[in-house]
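Going in written order, the chains are labelled A, B, C and D, and every chain counts its residues from 1.
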């Protein structure tokens, strides 16, 4: 098994999907051991830091990559298996950012209010307990919350010659900010350009569904990935995720109902591929078994998730058993 | 404990929140043993039934009630504890309905497409196994799905002199269609008119999050409720639900992000009441712990849910321990 | 010609569509000479008045009516011709209202901001010049704006047993807040209940498209209407307006694209009725000739307008020439 | 005055904003005489042509340019004055395209319907009469519609390292598809990258407000532009347009209310710059004078327009009289 290790220096951070030369060329089957900087590019470290003072909004969500996958062609499907996510620091940060967040006026939901106040929270990580510590400033509330590492941003170069900011989620994946992107899952992405050119970043030590204020418990992350390439399968269109327990589709758009509709139609397609159900039967089945946890309602596009539990379904072999194959491989590491 | 039993006859069904005389006057503390007809008013019984032929769309979601609660005044909070929900028939029904559903053109998302085809599914209930049976028509797929009874519709008379169809969810509750409305929870609703005038209906034997096609596994239900009245608490504005494990707020509006925002701001208010957190701290905490499963994306208003797990929070006593009190009472029955 | 004059006393104001007994029973062909109070129920009279202090939000948009039209049955079409609108006072008022308006957080677009400041503007009417005077407080800007009287609220009792606040626009008409509702036009509304039970109110001396802050130049109005009833025509579904120069359809929903889609599909239907165009041809023609001025982006539902200019179309006879007939009748008064 | 003439060959067409080398380097003050191919890249020429057969959806909206403006730096404002638009062919084309258009399911408003039927309309141009001819296929309707040439797409390279498809409108301008972009207006765009790198394309011989089916009367265009650069003015954020009669701001986002809100807040800012009004006074004035014709409800982002008539306002000198200056220059040509 080829193994590539990569810890980008600050001048190697990448801020877009598409538009930059690959950091590495890898073959399908490669194991990646990566490090990703946090969404704030490491600039928010104390509760007294104000995003408006220390952040450069054109340099957030730094990506590690992109990786050129040998043999990947438009129409192929890239499989990224998250073997492990381990916090690379002993603390994470979160903050309200002016004119950003689901419950704030923004450049899109443009209203006449002044921005909400800026406040920064630092979460100390307790590795033994597996928790991060929330500390309120307005009341005597300190809460140990489970540390659930995930990647906010996983994506390939977009279709149609586009280059998109690493703040954006869309069909190419990107900043989907869903807690589903966690260790043990396989993410399937449609290849749009030769080499796929995927990258990852924006590690979260923990995130609620919706990422209300726009920033999770953001933290640098040690990321272990297995990379595979699938030829000859129908292109997934929207990003798909497979875990041991669920099939997941992520749709990203606005308004939020359109993001969700995209994920639903995507899942109806997947159920059809897996079980031969026609559109109406798959629609009906989905109506009764869909889990619909929101991902984020804060990014340039909102992201909504449709999940179905494998336990309720017949045995299926998505992508010819790719997820099981990658799980087995990961177990040997 | 006062006990009221009520199985409305067909001519006693109620189709609105507000605008009708109470079926009963009850005192706080009353136990209700009710029967509710299914959302189709019992008119869809076979897979060959077509909604367009057999349904009268002005007579769907029949309500049992309304109940006038003695002493209830505007600004009070009504507490409805769902002691038990038991399917009252051995089968449930679901169907695609022309110009209805999340993935169909509707009278609002008005497009130029012909309606999707009508199809009806009948789910047989296996009481011993606790399952309902999904049977596809396009493939040889039969799936036993857990029976998870819930109420689609729980509401009081609206504010502002309005009378709303039992198809509508809004601040008064109504057709929220959330799987959170299940046995063991307490629903808190703001009283808008003297007597509160609440009713229930639209039992589901099972529903996915989002209720994609617009109809769950719809079935008649035996409903056991405990009714209490809370004086002197801040009005909840949007419906709240408390279970042994979660605090829940349901927002209903369009677009879907607005429904979710309402539930989020509602939860921030509740966290403030419970723990003294200011808006920013509650916003931050919610960002990291919110569960955001969609309720429905099909009704006149969409309904979105914000949940927080009690296990992550300090001990709280919402409404002075009302839920615990009702749980204990229910345990004595 | 029957003539009915009516100036309601304060205790005769009506706050809903549906749910109240008619003020009058009239026959088709009746001329109505009405007076309507302003949207603030006359409570905002000076620039020092603060809506939060003086308004009762359950008593805004008072309606004059409702009128029971003899012979009107569900499925019929009511034709209301606006003969004249004359300001009944020499001033109008506008104001920012906390948590209301298109560029403010509201109970639906629920954010964490404090409300925008309250400010009240009084517009003096110059009857000779036909203008109202805008006076800024933050700069030395005084502008004479044309007085263009219109009715914010024209509606019938809703379908489905509902009763809706006079703040709401929907299929029944209501608080559409469109500058199209001006002297010389005929408004066609689908009759939902026996007698139609229509009412009018919410006069504006002037309003921009979108009614950004939520309140136009609000003023009491002398209203002259001709009432007719159309039997046997296809029900219009969404409100239609005919002027000497345009056909207009008003859709009301959220998000705003759905309001507009409803008005577009409504117009495609009307073009089909008028000229025998099929859906695709009408869609194409509309694509090239639609005028799409927004009505309001502030009410419970947003209202969007689709207009087509008669000058670009073949001669048509909507409703068998009803508008021309009513124009001629009005000319004799 | 420098004059540059440019008629790109097919292999010189550009499909994005950003991401391509300039076709020309020009100085401020240059006159451009350009030719733009139609949105279909000239591939739709007969009513029997089906978009699904003849179009390559990655090669639509070909741009002429981009032009590097010497001296243009981020934060500057580019002024493009449209001196003249003359149809370059004697016919234009429009079509329904599968899964595209405001009244069709799309990849975003993802529903389960089959696509609407494809149909193509060819509009013959009568240069003498100044009309284009609509010919229905479903009825005997032929209509001479005024030819009102406009540009669908005018934009600069985006901020944040992004490259966007020429189908997209956003802050950088792009595919706004507004009838306001017509001869005699000046468009102000915020410069995001050195040289601005603007391009134009997507000529329409006529378009309704909203561009319902997604394609106007699309036609090749001879375009005459004057280019100027403004230093030291506040960046406009969203595209602004000035005509002899109106100030216009175009917002582009989803849902449609957010596009409109962006245009409204943009106009409030402009009114503040022009007249010193504070936010509340500008909000109030806009409420009474805004014209809000929709631009398109079909693109990747929807575009909404806020216009205010100069006739109602005090004399103003936007950008130090730039529009008047360019009008005068154009008059000398």
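Quick note on the criterion: contacts are C-beta pairs under 8 Å (C-beta built on N, C-alpha and C of every residue); 3 or more make two chains touch, one makes a residue touch a chain.
Here is each chain with its UniProt name: A, B, C, D = Acetamidase/formamidase family protein.
Remember, predicted model here, so these are calculated numbers, not experimental data.
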Pair with more cross-chain C-beta pairs in contact, given B-C and C-D: C-D
Per Cα centroids, the chain farthest from chain C: A
Rounded Å distance, chain A centre to chain C centre (Cα mean): 47
Centroid distance [mean C-alpha coordinates] between chain C and chain B, Å: 35
Centroid distance [mean C-alpha coordinates] between chain D and chain C, Å: 32
Where chain C touches two or more other chains at once, by residue number: 103, 109-112, 116, 254-255, 261, 264-265, 268, 280, 283
Residue ranges of chain A in contact with chain B within the complex: 94, 96, 101-103, 116-117, 119, 121, 134, 136-139, 141, 143, 145-146, 206-217, 254-257, 260-261, 264-265, 268, 275-278, 280-281, 283-294, 297, 302, 304, 306, 312-314
Complex interface listing, chain A residues touching chain C: 103-105, 109-114, 116, 255
Residue ranges of chain B touching chain C (in the complex, touch as defined): 15-16, 18-19, 58, 107-112, 159-165, 171, 237, 251, 253-255, 258, 261-262, 264-266, 268, 279-280, 283
